[in-house]
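Supplied in structure tokens, the structure appears directly below.
We just call them A, B and C in the order they show up, numbering each chain from 1.
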Amino acid sequence: MGMRSHTVYRTFTTQQRRQFVRITDDVAAAVHESGVQEGLVLVSAQHITAGVWVNDDEPGILEDTLEWLDKLAPPSWRPPANDVAAQLSPDPGDFRHHRGGEDNGDAHWKNLLVHHQVILPITGGELDLGPWQAVFYCEFDGGRPKRMVIKVLGD
Amino acid sequence: MGMRSHTVYRTFTTQQRRQFVRITDDVAAAVHESGVQEGLVLVSAQHITAGVWVNDDEPGILEDTLEWLDKLAPPSWRPPANDVAAQLSPDPGDFRHHRGGEDNGDAHWKNLLVHHQVILPITGGELDLGPWQAVFYCEFDGGRPKRMVIKVLGD
Amino acid sequence: MGMRSHTVYRTFTTQQRRQFVRITDDVAAAVHESGVQEGLVLVSAQHITAGVWVNDDEPGILEDTLEWLDKLAPPSWRPPANDVAAQLSPDPGDFRHHRGGEDNGDAHWKNLLVHHQVILPITGGELDLGPWQAVFYCEFDGGRPKRMVIKVLGD
């Protein structure tokens, strides 16, 4: 068997600062274009304030999750959601990272929690996902162009 | 060199709602069956309420970790463990996700924290793990059949 | 096309107990040595108390992140940072894991949060990273030799 690879870049400029963008079909299209029958596909944010999550395409859980991430990794551009969020905020009062003029420290932390990438299996020429697995690009500092790569490898 | 791939599905129906299942030997068996000498193996839950973790096969740390995950990602089907768990629970009192009749919102969050997959290296025909690295399927909403995929790629 | 693979091990003995070590150049060197033009490279800790993170090489965010991880995954070898850290500590007062004489339970939890590995794309013979993506080996229980593997696969 011979190895094939295929690379697709996607750029997202979300309207909202934080947004979950369903990209299952984009990944499936890249797999079909590649002609790979058996292999792996990497889906990876190329910025450090975004993530990729495989979960349920159900609005309730997405809303629950953003609310929760804002407690675990609290933005400093608005008041903390509650006392736990206040205590999980940086001890100097604001992120040390913001000394350079940034305001997106919380998005770096959300990148850590969500993880910036997934690898999906390709079987019989198709993306091999479970019944409720949808792929989301998770923007935590949007409103500007952010790049993501889809890389297919297999035969 | 020629590329090889090999795919194995495993279905778990755990007795407990939450359970860590050691699967190192299953992954090693899939690697041996594949005949791959140099490559990568993806181990990935195909459900959105489970994870895969590489850590220590030591009962204490597994018990510590489940207790901790229940604080960070609190179940709504029992009282929160403490005040932090209460504040990290969804603000509407229950998960928005549960409006459809579900009760497993916390398992979606644990899936996010643990991550649903790992990639392990294969070197010289063997799973290339460190001395204390064991592979666990982490069930957070069990008692029903849940599928996992092992996909080997290499030569 | 023919498949190639290349494996490099790195051992870190950090001076500090916890330390972020930038390894982008090590990964790029392994890619160049492999001769792979299109493929994937796995960068994975082989210990269970370390992680690998792709983020910003900016001292402020690294300091913010370690402070924050010490609240979410509190060490038991020093007093908790605040009340949230105290409540996220194990309920028995110390980690069950420490009954065997260890004191690094918090490092296992940080391994879970950060994740122990990343997969990076290789395109046109180069590591295909975004403009601010740097690769860090994240040591959470250092001062002794800890191994990491870099595994390149592609053609």
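Rule of thumb we're sticking to: a residue touches a chain if its C-beta (ideal position, glycine included) is under 8 Å from a C-beta of that chain, and two chains touch if they have at least 3 such contacts.
The model shown is predicted, which means the values in this text are computed figures rather than measured ones.
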Go ahead and align chain A to its copy chain C using Cα positions, then give the rotation in degrees, nearest 5.
120
Chain B against chain A, contact positions shared by both copies (same if over half, else different)
different
Between chain A and chain B, tell me the centre distance in angstrom, where each centre is the average of that chain's C-alpha atoms.
19
Residues of chain A engaged with two or more neighbouring chains:
2-3, 40, 72, 84, 113, 115, 119, 153
Can you name the residues of chain A that touch chain C in the complex?
2-5, 7, 40, 42, 44-48, 72-73, 84, 87-88, 90-91, 95-100, 105, 108-109, 111-113, 115-117, 119, 147, 149, 151, 153
The answer for chain B against chain C in the complex is residues 1-3, 38-40, 53-56, 58-61, 63-65, 67-68, 71-72, 81-85, 113-115, 118-121, 123, 128-133, 153-155
